[in-house]
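Below is one structure; the comments refer to it alone.
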Amino acid sequence: MSSVQAKLPHPNMLYRFLGNSGLKISVISLGGWLTHGGHTDDDIAFATLKAAYDGGVNFFDSAEEYAGGRAETVLGKALKHFAWDREDVVISTKLYWGRHDDLSLGINDVGLSRKHVLGGMRNSLKRLQLDYVDLVYAHRPDKHTPMEEVVRAFNYLINTGQALYWGTSEWSAEEIADAWRVADKHHLIGPLMEQPEYNLIKRDRVEVEYANLYPKHGLGLTVYSPLRRGILTGKYSSSDNIPADSRAAKEGSWFHDEIVNGREMLDKVAKLRPIAEKLGATSGQLALAWVIRNEHVSSAIIGATSVAQLEENLGAVAVVEKLTDEVVKEIEDVMGTKPTGPPMRY
Amino acid sequence: MSSVQAKLPHPNMLYRFLGNSGLKISVISLGGWLTHGGHTDDDIAFATLKAAYDGGVNFFDSAEEYAGGRAETVLGKALKHFAWDREDVVISTKLYWGRHDDLSLGINDVGLSRKHVLGGMRNSLKRLQLDYVDLVYAHRPDKHTPMEEVVRAFNYLINTGQALYWGTSEWSAEEIADAWRVADKHHLIGPLMEQPEYNLIKRDRVEVEYANLYPKHGLGLTVYSPLRRGILTGKYSSSDNIPADSRAAKEGSWFHDEIVNGREMLDKVAKLRPIAEKLGATSGQLALAWVIRNEHVSSAIIGATSVAQLEENLGAVAVVEKLTDEVVKEIEDVMGTKPTGPPMRY
Amino acid sequence: MSSVQAKLPHPNMLYRFLGNSGLKISVISLGGWLTHGGHTDDDIAFATLKAAYDGGVNFFDSAEEYAGGRAETVLGKALKHFAWDREDVVISTKLYWGRHDDLSLGINDVGLSRKHVLGGMRNSLKRLQLDYVDLVYAHRPDKHTPMEEVVRAFNYLINTGQALYWGTSEWSAEEIADAWRVADKHHLIGPLMEQPEYNLIKRDRVEVEYANLYPKHGLGLTVYSPLRRGILTGKYSSSDNIPADSRAAKEGSWFHDEIVNGREMLDKVAKLRPIAEKLGATSGQLALAWVIRNEHVSSAIIGATSVAQLEENLGAVAVVEKLTDEVVKEIEDVMGTKPTGPPMRY
Amino acid sequence: MSSVQAKLPHPNMLYRFLGNSGLKISVISLGGWLTHGGHTDDDIAFATLKAAYDGGVNFFDSAEEYAGGRAETVLGKALKHFAWDREDVVISTKLYWGRHDDLSLGINDVGLSRKHVLGGMRNSLKRLQLDYVDLVYAHRPDKHTPMEEVVRAFNYLINTGQALYWGTSEWSAEEIADAWRVADKHHLIGPLMEQPEYNLIKRDRVEVEYANLYPKHGLGLTVYSPLRRGILTGKYSSSDNIPADSRAAKEGSWFHDEIVNGREMLDKVAKLRPIAEKLGATSGQLALAWVIRNEHVSSAIIGATSVAQLEENLGAVAVVEKLTDEVVKEIEDVMGTKPTGPPMRY
């Protein structure tokens, strides 16, 4: 589709059209999954938001679910504080994180019912102190709500000016194709973008399952966990090195298990370092550049607990053009995660 | 369709999707047919509303016709007083009760004309002190207003954010199917739910007439009079027992006639008591549990003139799982009201 | 179609559905063509409006063109003054009177362009001090504006809540059918009602040209000049009798010509008096009752320069049921204006 | 299509329908391309706007791009100052000037994305101090934004009352036809008008490329540079005559090149003067009248740096009727710019 690149306005950032739309977003964007309103102090959140903006990031990702709404609140305060031109930033939020049985939420505060889509949007906009978001996502599929109700509810948000585009997150290709079927039938607006996980360890969905959705529906991607929650930076590659305050250090968590039990993968990750060093990059920059290199990825969403970490990530942009076919082959041979089999058709 | 059950958030309540939608409502709900603003003092109305909410009821049913609008006024005051989260409650109202020749109303205050649907909604929202209702019903069919005008008027309410879903009450299957035909033709939203009478005495419409509407259009039901105006509690089963202040005591009313002339039915009802007692339940709980057991019933709407009566009703939820196929057979053999003949097709 | 009659709320008035809609209007209604804001003092306008309302009239007709907008202003003041329930009255206005070359108006203050339909409605609502009108008419066809622009503009008024129904005035059957063709193609709302002249002298359009539009599109009629500008009251039947202050007395006007040159017709009108007297009615009441007798006429719009004149007109309602087939034949034989030839097909 | 002419309201101005719409605009209109907020003082801008209005001009053209938004600001101030009836004037603006790589603008301040169309309109209306514009143009095509997104975004502006009609500027016939294809498919409103360059030197697009769009889609034209940036006035026809403060005097500009290198064309222009003089007109009036003579041209947009220049331009209206077929042939023989080949089909 139209994944052309522009180098404006910031000289060290790349920008791409979000799928088959006219909206341009920076290839690296800042999310607030575990940081804004959560693990991170507001001061650090403000500092990383400013550093990101100053570094050419124009897309800031949020969700009603992140830190129970506090991520939106922090982002809203920052937007007000910095007073950036509303036209210059692309703000997103997401509705429904995918657990109908979440005991901490009201029974209709979950799902993609018209009630929650409208009510969730109303509350998100209040927290964000905005009249509209640029992007609104169905944060997870909802197998209990009819697709027509979902598509109509998101179209209501667009028709009433509360959002400019809508998309999905972690939907199957079949679900996305079904949403388009409903949209086409009723002359409604279909989902523009998906937000899947995508990185050197998890490739199948983006490269195989969605393959036909790019040419057919112009699907755009804003991917999360491009560094597989830090694993691809190599910082967990030796178990001695696990920082005491990192997520991996918490025993009993699934993430701890992935680190402890995933030695084979961590050993592979360790082998990325010499490749990165040859390019004058860190392992993390190499892994992030590899994600961005995929033309279907409009943006890779990173989290950042410090300005230094953020700036290292932004450095990945300069690495993209160094990823020759040879280097890519070298990386993929090390990882051995390239999907096999033909692209799926929907 | 998708009548899955959830036990959230209140542990003693069941919740179901309203027909083929993503909206979840409690299987027992509170209506204001004869109580709010009518027979019952406001104090009692407030107390029963609170007890219902505390017992897990999230759906409160109203209508412009109930007590000439005062039911809505009382409900509106209570919602303001208790300040429940708007996302946590499902509020409904209904427009036009079905008498074009009602002398107490203005000539255009009846019917389902665009004028009355818009004007009635405007006045209902004022009385309820709300920006929108979750559900709005066409309280009766209107054979004088073209179906396209009706469907378009209810879609206007949804498009302008005054209601989230629309449905019907006491419409024939043919009328509901016709509304869907119009909606499909013009890409509009069809009626989601019906509000019929349904109980151990009156079963035909729900079980035979509507049979095909459940799979075809995802029709959901919120049924009224699940206890047949108290008859199924057994309190009228001996004519000696008719409470002096009950509706049945008023001579000349149709309800009095049903009690006095319906001895055969009352004798059957009396036989429900031993079945109920075996389950540790009252006759009313048994009858209500039997209604809820029907998976097409999203909610059974009860009235309550006291907190005690309400709490007895809520006890029916625990009886549902005791209704084994054997117990159900026993009940239905006693009543002899099971419809015969094949389901109707629309 | 559904021209059922109701006798509510006023016992001496008849009400009919407006064409194939659920809106009910009184068979006699009050217009402000030459009176409100024009020939008549505001005091008299207020008095006749009140007398009409008290006599069961619920439909008040206006137009941006009448008295250069002052008819709307007077009606708006009266509605505010009397504070009638907005649901109890049906208010109309009309946009564009049909002269693109009217030198007194701005070049875009005429026609049915989107600019004038939206701008005209905005200004009419200001003069009427209302949020919406019940009915809005295209006061004349506009051969210069594409039909799709016209139909979309009136649908905009309905979609934005500024009007409930739209219709036409003095459009040909071909033009009305064309508007329906556009509406059907784009799933829009077609024109509900027409406002033609209709009386014992001018019958062709209503009885022949529109014949097929009643069953096919549910066209309703609100007719003007049911008394042919007073001629059918018989007051002009002797030239000696022409009141000095009547419209007919002004030499050079086309109306003067009609009176002076139309002696043959006036002689016929004179013969209506004995028929009327047999029924205990005036000639005017007879002629008006004859108009109302046509089931396609939802309402006959009268003007009134005095309360006495208005009350005489209202008396026509009681005459309708006296119009037996024999009496009607007698009337029509006298007038000799019955159209011949088959109904037209559109 | 419906290029009828009217002489109202100003006796010396001609008015035409804008393409296949009911909107009437003066055949000469005033734009602010290089003047309002730009080269010209605000005092002069106000004076020319008033002189234009007084001379019967009812269409004032603007764009977000002109003088970086200041053209809109000046026009907005003037509209407020003169307090002309909003119904009497037709105000336009245009979104996106066609350079995705404009370094002076934010990355999403360009293009026809939904974000920019909605955001640009919001900012234009603020500068203009208006609730709506009559016309909004896509100032250039945007090959990077899908046509469906563009068409839907402009329809959003119309549906929300921010604009009455939408059109294009400098789009190819293929692009315009594609916009109509999308609009037809989804029952949306297609582009009404195009704003191309059109004059005695540049004729192909209007006369050949668009030929089929007039009958098929009712395309209307508001043309710019009817005098080819002053060249057709003859003021540059001798290089000695180039005014020191004119655009042509600035060395290195493309316009300077056109003047200096285009001697052959300038010699032809010089030959227009005797033809003009025979008609009692200036060369500029002759060239402008020739543009207006094309019935597909609803309006020719002029700029004016003085009231005198504006009034000379308005004088062209009177010349139109003097352009007999013989005179036109004489003009076209001199210029030799008549397109050859058959009209294009789209």
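Things worth noting here:
Note that the chains are named A, B, C and D in the order they appear, and that numbering of residues resets to 1 at the start of each chain.
Here is the rule we use: contacts are C-beta pairs under 8 Å (C-beta built on N, C-alpha and C of every residue); 3 or more make two chains touch, one makes a residue touch a chain.
Which chain is which protein? Per UniProt: A, B, C, D = Voltage-dependent potassium channel, beta subunit.
This is a predicted model, so every value here is computed, not measured.
Between the two copies, chain A and chain D, the C-alpha superposition involves a rotation of 90 degrees in steps of 5. Copies chain A and chain B of the same chain sequence form an interface built mainly from non-equivalent positions, shared numbers / all numbers used being under half. Between the Cα centres of chain A and chain B there is a gap of 44 Å.
Distance between chain centres (mean CA atoms), chain A to chain C: 63 Å. With touch defined as above, residues shared between interfaces to two or more other chains in chain C number as follows: 159, 187. Per the touch definition, chain A reaches chain D in the complex via residues 2, 4, 6, 8-9, 15, 17, 20-24, 58, 85-88, 90, 134, 159, 161, 164-165, 187, 189, 218. Contact residues on chain D toward chain A in their complex (touch as defined above): 100-101, 103, 106-109, 111-116, 118-119, 123, 142, 144-146, 149-150, 152, 156, 159-160, 185-187.
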